[in-house]
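Read through the structures below before going on.
Look for subunit A in each of the two complexes below; its partner is subunit B in the first and subunit C in the second.
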Partner chain A sequence: MRFIFKTNYGQDINLAKHGGHIFWYSGLMALLLAAPWVFPEYWLAQLTFVLIYSVAGLGLMLLAGFTGLFSLGHAAFLGVGAYTQAVMTNAGVPFPIALVCAAGLSAAVGFVVGLPALRVKGIYLGIATLSFGFIVEEVLARWESVTGGNAGIHIKKPDIFGWVLETGDQFYFLCLVITVLATLGILNLLRSPTGRAFVAIRDSEISAQSMGIHLAYYKTLSFALSAGLAGIAGALYAHKLQFISPDQFNILQSIDLLLMIVVGGVGSVHGAFLGAIFLITMPQAIALFKDYLPAAVGQAPGLQGLIYGLVLIAFVLFEPMGLYGRWLKIRTYLQMFPFYRKGMFKRQKSFQKSDRLK
Partner chain B sequence: MMDDLLLSAKNLSVRFGGVLAVNNVSFDVKQGEVFTLIGPNGAGKTTVFNLISRIYTPTTGEITYLGPQGMIKLTDQPPQNVASLGIARTFQNIELFEHASVLHNLLIGRHTHRTTSLWQDIFFTAAVRETELKAREKAEEVIDFLGLQHHRDSFVAGLPYGVRKVVEMARALCTEPKLLLLDEPSSGLNVEETDDMAFWIQDIKNELGITVLMVEHDMSLVSKVSDRVLAMNQGEMLAMGTPREVQSDPGVIEAYLGSVDDVSSLRRSTAVQGTSAEAA
Partner chain C sequence: MLFLQLVISGIAQGCIYGLIAMGFVLIYKATETVSFAQGELMMLGAFGGLVGMTMLGFPYWLAVISAIGAMAVFGVVLERIVIRPILGQPAFTIVMLTIGIGYVARGLITMIPGIGTETQALPVPYKDEIWNVRGLVLNVEHMVVIGATAVLCVVLFALFRYSKLGIAMQAASQNQLAAYYMGIPVQRLNGIAWGLAAAVAAVAGLLLAPITFVHANMGFIGLKAFPAAVVGGFGSLPGAIVGGLVIGIVESLSGFYLPDGFKDTAAYIVVLVMLMVKPNGLFGDKLRKKV
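So, the complex of A and B:
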C-alpha cells in the first residue's frame, strides 16, 4: 500500500503523482523507443496501428467519456483527415503542413456537426452523427474529381520538408511522437479549467450552466477537438495504408471506434490505449484461434463480428468500466492484499434522477 | 433604503401553457440579509429561483440586480453569465458532478475565475499552474469553512446525502458569490445536520458577508436564520415580513392548513382561536 505524503498543492496538479508513475511510464517509453529493434516488422506495423487508433480513441474519449456526447459517425472525421492528407500530400505539400490542415479541416467539420449537439442529446445525437457519417462516406465516394471515388486513392510517403520517411521504422517514430504529444495535450486539458468544464457538462448540464460554463461553447469545442484528433489519426492512417477508399470510413469503422473506448473503459485516458490494443490484437487472436476450431465454425464468415459483439455485451454487463476498470480492481487488490473486498468499487445506485437518456 | 438593494423583482409572471406558475410577484432583497421564500408545494418558489438563475425567462416583469458595474437588468443576461455576476445557487435535488471528486466539484465552482485560454490549457503553461494553485487555495478555504476535509478526495457518487448537500453549498461558495440561492438547504437532513446548516447560513451571512436567498420548508430553520420571509401560494404572494409576522398571517395559515373553519376545532388555545375568527 502506497501512502503519498502531500506537502503542497502542486503535487495534486503534477501528472506524475509519485515515483511509481515516473518509473513505469519511463519503462514504457523506453520499450516503445526500443520497439523497432525488439519487435519483428509485422508486430511493429501492428504497434503503429495501435498508436494511430489510440489518437482517434483519445479524441472520441474526450467527447464521449469526458463530455458525455456520443458520436456514431466518428469514422467520418477519420475519413476527412485521411482524404485531406492524401490530396495535399499528393499535391506536394510537406507532411507537417498537410497534417495541420487535416486536423484543422476535420475540427471545422466537427464544429459543424457539434451544432446539433446543442439541441439534441443521447440517442438522438447518436442518430444525427450516424447520418453525418453516411453523408461523408457518400461524399467521399461521389466527389470523384478530388477523392477518386470508390476506386480509392494512393498516397505518397510522408515528406517532412524534403526528408522523406521511407521505412516503417521511421514512420513508427513519427506516430509515436504524435501520440505522445496528443496524450500530453489531453492530460493537460483534463487537469485544467477547460477539461473540468467538459466533465461538468457530462455530469449535469444544468448545474454546469449555473457555475458559469457556456454550454454551447464547450460542447462545440469538445466536438472540434475530438474531430481534430480523429483527423490527425486519419492522416496517419492514410500514410500507413498508403491507399484509402471510402469503404474504410463506413459505419463499421465508427462502431469499431466506439467499441474501442467502451472496451477500454469510458472516462479514462488509459482506456483509449487499452481499447486500441484490444481492437488491433483481437483479429490476430481470432485468426490464430480459428485453426483450432472445426472448419464449419472456424471458416464461417462473420466470426469476427460475432466475437466482437459477444465481447462488447460481456463488457457492458460485467465490467462497464472496461479494461481500465478491471486493471484498477486488480491493482487495488494487489495494493491492499489481503484486505480487498468485493464491493469496493460498487457505487450506490442513485434513484433520484431519471437516466436522462445517457 | 434604496441604496443597499441587491436584487429586485418587479411584477414577475411565468406562464407554462395554461399554468400560471408565478403570478405578479415583486420583492426586494437587500444586501447582507437572509431572505426566505416559503409556501406549500407548487407555490412557485423554485420557479422564482429558476427565473433568477435565468433557466426560465419571465413572461412579464423584470429582475434587476446590482452587478459589478451597477444596476443591471438580470432578465437580459444569458444564463451562463449569472454566475460571473455573483449569483450562485444550489438545487433542490442536488445537481453535483457525480463522477468526480469533491475537490474537482469545488474547482469547477472556480470556473468563472479562469483567466487562461484553451491553448494555454493544452500546453499547461506556468500561468495555468499559477491559477490552478490559486483556485486550490480558495477551494481549501471553503473546505475549512464547511469542514469537508475528510471528503476532499472522495467521489461524490459514494457520499451520503447529507454530505452532498454540504458539498453543493461549498461549490456555490467557491464561485465567491454576492448572492447565494439555496433551494431547500435542509431537505433530507436530520435534526443535527439542520442545526449545522443553520449555523453555516448565519456564518455565510455574518462572516463572508454574502446575501442569502433561500427556499425552505423547515420553519424552525427559517425563523432562526431569516431576516425577512415571503410566503407564496399558487404562484402568488401571500405575505412578506419578519418570520414571526408571516407565521401569524391568516392567509399563510390558511394556505398551509386549509380554511380557518376546518381547523378551528383542532385548536386548543382560545387565544389563537380569537385571532383566527377575526381572519375568517
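So, the complex of A and C:
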C-alpha cells in the first residue's frame, strides 16, 4: 500500500500525485511516441482514430461528466468543426488557422445551443440538443454551395504554413500533440476554480448557486468549451478520412459518442480515452469473431448494433462507473490485497428522486 | 380543399406521433424516466402483428389483439428485468439503458432470417381503400388511425379517471413515497405502466404499418415523437396527443408550402421554439424549485 504524506497544499492539486504516476505516464508517452515504428500502418491509423475520438470524448466528458449537462446532439459540433476545416483548408488556409476557426465556430455554435440550457434541464435539454443535431445535419445536407450537400466534400492534406503533412505517421504526431495539449488543458481546467464550479453545478445546482456560482455563465462556458473540443476533433476527423458527408454526423454518431463516455466511465478523464479505445476496437473485435459464429448470426447486419446495445445495458446495470471504475476496483483490490471487501464500491440505493423539482 | 387534405393527413401522422408520445408520458409520469426505446417497442409491435397475420395465419382482429397483448407482457417483463434494478439512479443512466434496449431490439429483429432485413406490407383488410367525401379524397388508412386514436384516448381517460388502478397510478406519479405509505404497490404499478406504454406503442405500430411498411428501422419515428411530448408538456397525457397533432400538421403543411428540407426538421424547429418560449409545454404543470 502506498501512503502519501502531504506536507504542503500544492500536493493536493498536483497533476502527478506520486512517483508511480510519473513513471507510468512517461512510459505511456514513450510508447505513443514510438508507435509509428512499433505498430503496423493499419493499427497506427486506428490509434489515430482513438486519439481523435478521445478529443471529442474529452469535450463530451467535460459537459456530461463534469457539468452534468447531457447532449444528445454532439455529432453536430463534430460536423461543424469538420466542415469548417474542410472548407477553409480547400480555400488554402493553413492548418493551424483553420483549426482555430473550426474550434471557434463550433464553440460559438455551442454557446448558442447552451442558451436553452439555462432554462431547461434534464431530459428537456437532451431533446433540445437532439433537435439541434437534426437541424445541423439537415443544414449540412442542404447548403450545397458550401458543403457539397449529400454528395460530401473532399479535403486536402493539412498544410502547416507550407509544410504539408503527407504521410500517416506525420498526421499521427499532429493528432498526438493536439490530444496531449487538450488533455493537459482539461486536467488543468478541472483543478482550477472554473472546473470546481462545473463539478459543483453537476452535484447540485441549488447549492452551487447559493455558493455564488453564476449558473448561466458556467453552463454556457461548459457548452462552448465542450463544443470547441468537439470541433477540433471534427477537424482532425475530416483530415483523417479526407472525405466527409452529412450522414457521418447523424444521431447515431451522437449516440456513439455518448456510448463512448458511458462505457469509459462518466466523470473521469481516463474514461474518455478508455471509451475511445473501446469504440474503435469493438468493430474490429466483432469482425474477428464473426467468422466463428454460425452464419445466420455472424453475417447478420444487426450484429454490431446488438452487441453495442448489450454492452451498453451491461455497463449501465453492472458497472455504472465504466471501464475506469472497473480498473479502480482492480487497483484497490491489489493495493489493499487481503482486505478488499465486496461492498466497498456498492451503489447507494436511494428512493426515486424527482427531477421535476430539481 | 388542398389545405384541408394536408391537414387531415397531418392529423393522421400526428396521431401516430401522439400515440408514441403517450408511451413516453405514461412511463415518465409513473417512473420519472424517459424511454428512448419507445420507437423500437412500436417496431416490435408491428412485427408482432406481421408474424401473427402472415406466419401464424391469424385473422386480422386476433392478430391485433395478440400483438398488443404480447407487447404488454413484454413491457412488464422488460421493466422487471432491466429497469427495476436501476430505479433511483440519475435519469441519464436510464436514458442510456433504453437506448441500449433499442439497439438490441433493432439488432435482434434484423437477425431473424427472412423477415428481419426486408420491408413488408402489413396485409390489413382496409388496405388501399379510399373514400370520396365531396371532393375530399380520404385515405381509409388515415381514417382508421384517427378513429383508433380517439377510441384509445377515451379508454385511457376512463382508466385514469374511474378505475382504482388509474387513480393509484396518478397518486404514485404525484408522489411515490406518499403513495407507498398509502399501501399502493408502487413497483408493481411501474411495471404496469411499462406494460401499458408498450401496448400503446404496439397499437401505434399496427396503425402505422399499413401507411409506411414494416421494417427494422421504423422505430426511428420515435425520435419525432419526442418533440410531440415536449410540445404538449412532458407530464400530460392529453398534451401528448395535442403535441402530436401540432407536430403532424406543421410537418404536413411545411412539407407542401416550404422549401425542401423543412419537412424533416419542422418538428425540431417547433420544439426548439417551444422550449425557448414555454419550456413546460402547452399542458405541462409549472413546478417550483424546492430545496
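We adopt the following convention: the second predicted complex is superposed on the first by the 346 of 358 C-alpha atoms of A that agree within 3 Å, B and C clash if a C-alpha of one lies under 4 Å from a C-alpha of the other, contacts with A are read in each partner's own complex, and residues count from 1 in each chain.
One rule holds in what follows: a contact is a pair of C-beta atoms (placed from the backbone, for glycine too) under 8 Å apart; a residue touches a chain by one contact, two chains touch by 3 or more.
All values derive from a computational prediction rather than experimental measurement.
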{"item": "Fit or clash between subunit C and subunit B when superposed on subunit A", "value": "fit"}
{"item": "Which of subunit B and subunit C A:Ile123 touches, first, second, both or neither", "value": "second"}
{"item": "Touching partner for A:Gly302 - first (subunit B), second (subunit C), both, neither", "value": "second"}
{"item": "Partner chain(s) touched by A:Gly267 [first = subunit B, second = subunit C, both, neither]", "value": "first"}
{"item": "Subunit C versus subunit B, contacts on subunit A by residue", "value": "C"}
{"item": "Contacts of A:Arg196 with subunit B and subunit C, given as first, second, both or neither", "value": "first"}
{"item": "Which superposed partner A:Leu215 touches (first subunit B, second subunit C, both, neither)", "value": "first"}
{"item": "Which superposed partner A:Ser131 touches (first subunit B, second subunit C, both, neither)", "value": "second"}
{"item": "After the two structures are overlaid on chain A, angle v-u-w for subunit B, subunit A, subunit C in degrees (C-alpha centres, nearest 10)", "value": "80"}
{"item": "Partner chain(s) touched by A:Ile206 [first = subunit B, second = subunit C, both, neither]", "value": "both"}
{"item": "After fitting on chain A: smallest Cα gap, subunit B-subunit C, Å", "value": "7"}
{"item": "Shared contact residues on subunit A - subunit B and subunit C", "value": "206, 347, 350, 352-353"}
{"item": "Of all residues in subunit A, those that touch subunit B in their complex", "value": "9-10, 12-13, 185, 188-189, 191-197, 199-200, 202-204, 206-215, 221, 267, 347-348, 350, 352-353"}
{"item": "Touching residues on subunit B, where the partner in the complex is subunit A", "value": "53, 55, 79-84, 88-89, 91, 93-100, 103-104, 107-112, 114, 116, 118, 120-124, 128-129, 131-133, 136-137, 140, 155, 157-158, 171, 175"}
{"item": "Interface residues, subunit A side, partner subunit C - complex", "value": "64, 70, 116, 119-120, 122-124, 126-128, 130-132, 134-135, 138, 141-142, 206, 251, 255, 258-259, 262, 296-297, 300-313, 316-317, 320, 347, 349-358"}
{"item": "Subunit C to subunit A touching residues, read off their complex", "value": "28, 31-32, 34, 82, 85-89, 91-97, 99-111, 113, 116-117, 176-177, 216, 223, 226-227, 230, 234-235, 260-261, 264-265, 267-269, 271-272, 275-276, 279, 287-291"}
